[in-house]
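The chains carry the letters A, B, C and D, assigned in the order they are written, with residues numbered from 1 in each.
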Amino acid sequence: MAGNTFGNLFKLVTFGESHGVAIGGVLDGCPSGIELDFEAIQTDLNRRKPGQSKIVTQRKEPDEVEFYSGLFEGKTTGTPIGFAIHNTNQKSHDYSHIKDSYRPSHADYVYDKKYGFRDYRGGGRSSARETASRVVAGAIAKQFLKGIKINAYVSQVGDLKLTKSYKELNLEETELNPVRCPDQEMAAQMEDYIKEIKKEGDTIGGVISCVLQNVPIGLGEPAFDKLHAELGKAMLSINAVKGFEYGSGFNGVTMKGSAHNDQFNSDGSTKTNHSGGIQGGISNGMDIYFNIAFKPVATIIQPYETIDKEGNMVKTQGKGRHDPCVVPRAVPIVEAMAALVLADYTLLNNSMR
Amino acid sequence: MAGNTFGNLFKLVTFGESHGVAIGGVLDGCPSGIELDFEAIQTDLNRRKPGQSKIVTQRKEPDEVEFYSGLFEGKTTGTPIGFAIHNTNQKSHDYSHIKDSYRPSHADYVYDKKYGFRDYRGGGRSSARETASRVVAGAIAKQFLKGIKINAYVSQVGDLKLTKSYKELNLEETELNPVRCPDQEMAAQMEDYIKEIKKEGDTIGGVISCVLQNVPIGLGEPAFDKLHAELGKAMLSINAVKGFEYGSGFNGVTMKGSAHNDQFNSDGSTKTNHSGGIQGGISNGMDIYFNIAFKPVATIIQPYETIDKEGNMVKTQGKGRHDPCVVPRAVPIVEAMAALVLADYTLLNNSMR
Amino acid sequence: MAGNTFGNLFKLVTFGESHGVAIGGVLDGCPSGIELDFEAIQTDLNRRKPGQSKIVTQRKEPDEVEFYSGLFEGKTTGTPIGFAIHNTNQKSHDYSHIKDSYRPSHADYVYDKKYGFRDYRGGGRSSARETASRVVAGAIAKQFLKGIKINAYVSQVGDLKLTKSYKELNLEETELNPVRCPDQEMAAQMEDYIKEIKKEGDTIGGVISCVLQNVPIGLGEPAFDKLHAELGKAMLSINAVKGFEYGSGFNGVTMKGSAHNDQFNSDGSTKTNHSGGIQGGISNGMDIYFNIAFKPVATIIQPYETIDKEGNMVKTQGKGRHDPCVVPRAVPIVEAMAALVLADYTLLNNSMR
Amino acid sequence: MAGNTFGNLFKLVTFGESHGVAIGGVLDGCPSGIELDFEAIQTDLNRRKPGQSKIVTQRKEPDEVEFYSGLFEGKTTGTPIGFAIHNTNQKSHDYSHIKDSYRPSHADYVYDKKYGFRDYRGGGRSSARETASRVVAGAIAKQFLKGIKINAYVSQVGDLKLTKSYKELNLEETELNPVRCPDQEMAAQMEDYIKEIKKEGDTIGGVISCVLQNVPIGLGEPAFDKLHAELGKAMLSINAVKGFEYGSGFNGVTMKGSAHNDQFNSDGSTKTNHSGGIQGGISNGMDIYFNIAFKPVATIIQPYETIDKEGNMVKTQGKGRHDPCVVPRAVPIVEAMAALVLADYTLLNNSMR
């Protein structure tokens, strides 16, 4: 299995299972001389970590990252940055309900078929715990991308949908509530709804919107490595994501070209931005914005029927702590993946100079 | 500029500009011993080519592919398959309206900024003509993927939206009309609408849906190279695409986990398929289905104002032939990209055995 | 089969068999704005082509390259450069002596085992004819690498070995004789020897030396992509190569560190250059020099015994035209591969700025 | 800086500096279900580690590897194997002699030029300590490659050269002496010589020979990824290596084709093996053998003059512990790199089936 590496030049490989010794990664290709703000890295990790609020899973993991290499006197050296987050949650749980049977809509079944067996503890490699490593690398990428603003926020939970565009919102207020929705009224409604869902032992989907500002003109490589194609892959690689759209997105299909075309201002900027900051796969200097659809996570605290390895139907019961809605914790992951793409495409673009 | 290569092991590189000598590609990594049906390749090219019906651009290009290598006695040899399609449309057109000014929502502006200058004839490298090379390689991939069924079709044009799922449609009737919508009544409406749009010199967006059947269990690599992430990138790399969703997609966000989870049958198949045939990034043997949003293409046959290289506002007029709606011709491109992904991920999965 | 792609950012894929329709390639990643000297490209092709002198194979192939894309108004556009060289030598030869039996020390046997069958005409993909495509791409790379001097020459044929170092030679005199040895006396001896070998229907090995001058400091990536490691791979990928050494090479093993260490001058240059211009895998601004060992090519015009597909011993006879010594024609191939490595590593190094 | 990743499918990335917190790596792509012998891994690490005998550096490092992921119940799971070796040697040394000046023939100077500054402690990333991570991954690769025999040994130290071929030696006796030369008499001479060199505070070069047996037919990908080209790159990426030759190597250049060609036996094996087990870049089932030249390491315990950052000449003195001859400790590194190449090329070859 390859597949655990992301990026061409600013390249991250991650390792680790949910309940193994540690998760972590190696960031190969980060330029030298970046003075790292380690608190900013930990802040992003804290935004992702379990137990941070009442509407997320109550598991306790400190998620403290240790850096092993690639730094000297507080700065990146240009050599690979190795890091690990030790799992503190390794004690022997009762896994009898997942060891021999397959949880519906989880990766249990396909892992067994593909690899012959699996580390069943807490989902193993297929657990979203893997994304903590992405957050570490993404936080470094953000610091490399000085001047570029990357803001993700929750724009929908179930049917509760923010109708305002990102321009009508104050994205600096995203962190004021545990949902990470910058509209405080909507956030309150979403929070109540998630609590309700949690009481039911159920889960609900949502949408994260993301805006990239001050991206220089010229990032993106035709034909296959268009900037939005790589952003799309990056987002679709996050657990539970079912869809990606940028600029006018799925709504754009109902528009006519005469309305959709973005007319130029004399400085090269455009009067409208249905293109979403990318034309022909290359950034044009306007804001890049996109939406990401998350399905309701599969772990529910309800009884269910499923099959065991031999195909017998078995009755079982979801237990433990779970995330009733994944999007609040996924906001820093989306930002991290966006930062990794921008950092990589910046290096790709630099190479031609 | 890298970026013109797709795939890890079943790997395509394409070359060529709209009005250069030729377009083409090299398919490196196709296994040996596949007896090629050359008619099937040409049939897919014909489905993509201009001039095939009244609702597409009336440009005339025969789009005949010449194979240069990698074949012997009608079979693939395992060595790279080089091929070219000569452009017959190279005569000196009048390009004054695009040589010195930037068409709105085209790649003209960003190419000039990124590369310093551009081949402005017919859009050059950013023209969708490049996708003919993908169709050639995709048609070969289809023949490698014996037994797997790949069917794309038009499911929306502007506001005209097919509400039936692919299961309620006969996908063998897709080619019975020029729109490539398998519902003949809806197809007729769409056709009329596209003709109307064409008369206006305008364009309209649309959605293509695609279904992959009989895909074996186990294709897809965690964590970054999830099968749907690569499919998403593949589709987003097609000209004019603004969005991608698979399985329950953007509708899935309003569902609860208890409803969204796909319960198992005793044979490992699932009773529902909100997952869209992929769990944890790995195919589970159920049908894979996804939607792709296409914006209205930017070339309109109307007067418009834009800027020239110096930033002066200039008035100009779109002219010539254009595609009022790109989705009918994009159907074989979608299938080609899906086939390339499946072929590549089949080889990746084989490598572990 | 992957394996036909070379380079990370300045990336060449080649296609084509010896007696197929055409050979060629796609160069993806060449920066834009390079004004190409097409004569220089053809000159390098002519240095490689058969029939150029009495000591090389007398096959006639004009080896004229057609460019299909990536160029506009004589300059590179930054998009992929597709090119082809049509084979003029496709007429039906008598291949009975190689169709069903395996020539000793050729790739016939392993191709059949690996791919199930092979294009046996003239060696197919395993023919050194493939290297003509490398020469085209390398000639473009040379033009990108303005200011860097790349000079290869023949330094040994059989036991005839040039004992002078490259510093004692005038490398501008390499092309004055058909052997491509810059020492005219030694060249004459080598030429006589090769003619003798040719009369016997036999072949002989040789060594090519190569010097890269004015390479900027900083090319090369630790730990695995050291500059000399990539140069080594590039050279070892050329047909008939059995060895590579740079700087002090195999002779360096007998030296003590106190003698081998290159002492610094105050400007960062070194008093000696046993390091061969590379330290820790990174160019240090001094001359890079290396040697490449070529075995005697396997095609001999003598009777021989071998096996057929069923393992029966058969007697047969080598026929036609052959290269008695491959090194004179391999000189431009060595330069091309060196140029491709330097161009790629220049882009890699640029990316970090 | 990319460059710290090796392999296509069986892919290793390493991280870590000589005197940082830890070194380690991630092995992505190791197939599932391999029952790991952890003692064998530690044994290979011990063969590489400092302090193991009187003829190697007397630094003390236990080099114990911790595995973080990719293993479950003692077997590989198919997910990435993360591992680290903590540096125990981090205490504050006196680095004044290398902090501000550049040691001759080390990477100090080029690192400063390329990256702007460097972790100067013990050589940082350019230290051969990095190769411990390769030994870990290589030891896993060996266990994946069941049935293939990989044996490296010291065949030359300075002028002391083993004239016997590998076939005349008992490779199981390599570990009987600290030099790792399977000829015990020659080993004794080499040991004495190395001790002498050590007393002088000097260093001496050497050659390692390596034999790969029972390699299946078909590994290797034309045209650029020939098996020996990748082996060459792998070996040249090891610290202090200056040359690589396989099969007849540099001696082969003096042979005639009629003598060099390997005649077939009826079972497809060959009567001689000048080809070195590889034809046309693809393994043919015969033994693969090659030689690797190591220069004398640059660290000597003698006074020397060099330059500081400002280009002033400074007098200084090499101190501490050093390896008088690197080849005894490099034997397991050579084997590890060979195993990584074979594992990767096995997966590449499998993918086509």
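In this text, a contact is a pair of C-beta atoms (placed from the backbone, for glycine too) under 8 Å apart; a residue touches a chain by one contact, two chains touch by 3 or more.
Fair warning: this is a prediction, and the values are worked out from it, not measured in the lab.
Participant: If we define chain centres by averaging CA atoms, which chain lands farthest from chain D? Would you check?
Facilitator: Result for the farthest chain: B.
Participant: Counting a repeat as over half of the contact pairs in common, which of C-D, B-C or A-C repeats A-D?
Facilitator: Same contacts by residue number as A-D, out of C-D, B-C or A-C: B-C.
Participant: Given that chain A and chain B are copies of one sequence and touch, is their interface built from the same residue numbers on both sides (over half shared) or different ones?
Facilitator: The interface is built from the same residue numbers on each side, given that over half of them are used by both copies.
Participant: Return the distance between the CA-based centres of chain B and chain D, expressed in whole Å.
Facilitator: The computed centroid separation for chain B versus chain D comes out at 46 Å.
Participant: Could you work out how far the Cα centre of chain A sits from that of chain B, in whole Å?
Facilitator: 27
Participant: Need the CA-centroid distance for the pair chain B / chain C, whole Å please.
Facilitator: Those two chain centres are 39 Å apart.
Participant: Could you list which residues of chain A touch at least two other chains?
Facilitator: Residue numbers touching two or more other chains: 1-5, 8-9, 14, 31-32, 78-79, 114, 125, 222, 348, 352.
Participant: What residues of chain C sit close enough to touch chain B in their complex?
Facilitator: Counting only chain C, the residues touching chain B are 1-5, 8-9, 11, 13-17, 20-26, 28-33, 66-72, 75, 77-82, 84, 114-119, 124-125.
Participant: Spell out the part of chain C that touches chain D in their complex, as residue ranges.
Facilitator: Going through chain C, the ones touching chain D are 1-6, 8, 14, 102, 104-107, 109-111, 113-114, 125-126, 130, 156, 158-159, 197, 200, 202-207, 217-218, 220-226, 228-230, 232-234, 236-237, 242-250, 252-258, 260-268, 270, 274-276, 279-284, 291, 293-300, 302, 304-307, 311-313, 348-349, 352.
Participant: Could you pull out which chain B residues touch chain D in their complex?
Facilitator: Per the touch definition, chain B meets chain D at residues 9, 31-32, 78-79, 222, 347-348, 350-353.
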